[in-house]
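Note that the chains take the letters A, B, C and D in the order they are written out, and that residue 1 is the start of every chain.
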């Protein structure tokens, strides 16, 4: 062992090569002693290693006894994003050990494609390209029967976390009437961001475009259901970017199939999806195979974030770059693990 | 005849019902005497009508002799957009009669779909939806091989008129490096707008995304040719929104077909286009059938613009809402007439 | 004479050294033949010079006969800003000769100090610094009895030309309710700029801060009078940045002296002002001695603008950088000449 | 006692009437049982009160034993802003009890006056108004010898907390080159906010305007000293808005007195300040008697923030509106208590 701080690396299902650019990885290795382990091997590490470990990259299972041996631990860098209930969070928080996630790297890519999906549905970009390929395109005004502008539209956001904060500035030049529903936030924070805090019902009933950005919790699973879609304006555009678990997916597909609304989704109840799933053939539905965030350039930012927060933590400061898990909410989250990057 | 100012209406190929909302049209009829004529009938109008006519809506042919009879004429409102050489512009300008167009109504719709087309090509929205329909989608990172972010990209605009001014604020939150080429503008105006004035060659060579917004003139016809496309970065995105005449269209299709660049276009060498035209089958090409501007809501804004400028002109002020044709450039324009709205 | 285009220079009361940076002046001299004349000497120039002159810098008197001899004239660059009725504008416009001004160089400096003056009055910056110098300052909350935030305030602009367009983006981050009155503009242009078009009365009655940016014309001289000030909210802030001629200055001073409103002004009925003028001793009045625009860096931009438009005009294009005088309004203007820079 | 949650109120040196608007205070009293106590009386409260207390408004001294009796405590709302070391923070954090401050209410008022002070110094607003009062004003260009624009200037921020986040959008329309130094933040957060992370030395050497927004800690007391001022550009503007403790105040006054820089300050080594302190007579120094944040409208927002976070905490969620004290930094802070609001 060296004098350098010790890092235990168990980033599965990611790899260090995925989340660090080469020069960043070299920097990591130069500044820290890296112990790379299988995700289940933490408890088997010898006391000197566990006792000296300042950081964990990944979210290997940690039991109470092992945690007790990790006397120098300052921070667990969860690079998967979903928080598994595989470590004693209460005890970690009691000791002041941070648990942070690097999910924010996906916010900008998701926001960009989210805007693209909304513009596609509003203007019929994909459908009219297909028609053009097949020689049945309609020209000019004749082809714009259901086309709508985003400028000045009534836009609603359901959930206002990192994706919402990335999406908001992309929407603002369209000067929409922008309403946001997020029960975990004080309304004034939403107003400060330049939007109107609103009830879910108002957003459903009074939006031309709705972006769903909410995490799944044990309280909101499937809360966007048949009844919710029925309240939406005819022809409204529904863009699902966060987790399939927040919607009743069959009800969503039915609402689109009936012609009541149009929708785009990046997430699905099972991934990969059954080749026979009806969403594959539903007109008015735009599909993206969980591609919204998963760009190589986004994964590479994870390493940058980890390094920046390690630098703060090394200096006795709190991490400011990654998102901290919170004592109150860590066990409300219900996202499923990622099976592949 | 009444005491109201007289307007000659010949808006072909538009109609008053297309370009005025009903309440606006009622207002027009209440404030002015409207003489609706066939586009070729102007010279046949009696002297009292011609002599009293303050405005023309449309661009009917006007010969020197007829113009001489129109002693009260203040403004010709060209609602088609292209300026035909069917009236003695020199004489109109000499007399201080304004010739204005309402093309700016299309700027915002075109800018919106332009951004949508660019995001589609950068992220493969249409292609991956098609793959999904057919059960051959790639999930997550595997499906994002050629995906690119707009954030931080090198973006170039060729031409900076009303579309450019509408597109610029939509691009700015992506914090691109934004270069603009427009030889009809002083560089400092481009800098004031928050972009870098640049040479065409720099934009071609150093952009990830290029938006073509330039009008066709007798000087720039086909200036984006094989050589221009060859200078572009591999994988760059080319979005053509103004007029097909500024590109060598065969060279554009070839550049896309070769895989060198990706492209979207709203305009085509002939409209409607030959059912066998190869662009219909070119992978990497996204097609829009001259639908970018032609929304009903845009046409309806024409009437608003006309009414606002009539109000200024009635008060002895110059028109400020519509775009004025300029003595120096009116006969350089080479756009083809619109055959249908 | 050379082959270079010929420029007649009579920039009084400016000088070429004031309005051109040295390298720009060298460039001007390299590209053009410059004939520097006394402002009254134009008619005395020989025919070959007059006949070849493409541009005039300055606004020397031009009579009809002299103008007739100036066969190549394309543009008069008025670098003073006020348009004297000392040339036959109707004939110039008939011939398509542009008359342009470089006043826009002052827009940004004036907007900056305008915001500074408003913040000063809202927060009592000058008054509380004076109190502090004299040891009678009030601390914290005690010193903020009449302090007001600009954020969220009701702000009105009277006149929306180049200063308004420079001021608007400086105000927008304060998220004011922003109303603009400008009878020479179509309301939708104001709305497009992100403000509300409003009647003068609404602005007077419902603003916390009013910026006066309007030019003097033969129609609006003294239109902000005793009655106008009486309609303002008690404690409102009035910032006069354009011309003293638009207000009844005695009424303004009286309204401030009475404690009804607070005011700042950069312009005065006479400049320099009588040492005994009561405005010098009016509490609640903040005075600036016509310093808002007159920065050396602003004057130097005039030369840049002139050169950019000459470049366009040399290529047969219309000038786009300087502001063009308009046939309809050129003789409505009533600003007094500048006596010194 | 009622069924309502119990709040212990000891907001000294504030009062509930200062920090709550009347209707908010009524709401507070309707939703919670409020026990108003003298700041030193906490330990004397009976067990049923202490045991039921969910929130404390204020920062009364809390000893370990008393804290142990407060079994329901979720959050201490420090409405003074400075964190006194008068409670066992380590134990509070261990138990997951939040300690939050409402200082953010001052961010916007401080940012506004900060911009006003900078514009005043750049343009000489106060000094030229004084000259005007005394009949020795210089007109136009003559009065602008040392005037500078903020547009395009090199601007540096030292410290980037809530004031910085409020100031940044006010500065951005001036398109400055904006550098920020904050050793407690990861550089990429600064870059995401649209500025350049920079070393302190670069900011000192390369800025036209510097805003000091940093808190005093045990590490940075007096770090802006004679040497720091010497490194600044001649004529640069230094605006001190946070705490006098971060500068060597005598050195600051000397640097201004020498003519090397200009400065404005809202904070002073002692408040109130000695009537004979030389800063009162230093030309080039603009003084504000700790008035930057202390507006009634700001204090009233404290109550809104407290209520919003109580609402979240009541629902088992973490507070999101007030700023949380952090385990790592709570005992580094060295601000002096406020003696009066």
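A few notes on this one:
Note that a residue touches a chain if its C-beta (ideal position, glycine included) is under 8 Å from a C-beta of that chain, and two chains touch if they have at least 3 such contacts.
According to UniProt, the chain labels map to these proteins: A, B, C, D = Phosphoglycerate dehydrogenase.
As the structure is a computational prediction, the values presented were derived from the model and not from experiment.
Chains that touch both chain A and chain B are absent from this assembly. Between chain A and chain C the centroid-to-centroid distance comes to 51 Å (mean Cα coordinates, whole Å).
Averaged Cα coordinates give chain A a centre that lies 34 Å from the centre of chain D.
Contacts with at least two other chains are made by no residue of chain B. In terms of which chains touch, the assembly is arranged as a closed ring, every chain touching its two neighbours and no others.
Of all residues in chain C, only 108-109, 112-113, 115-117, 119-120, 122-126, 128-133, 135, 137-144, 147, 149-151, 169-170, 172-174, 271-272, 275, 280-281, 286-291, 294-297, 299, 340-341 touch chain D in the complex they form.
Every residue of chain A that touches chain D in the complex is listed here, in rising order: 93-96, 183-189, 304-305, 308-309, 311-312, 315-318, 320-321, 326-329.
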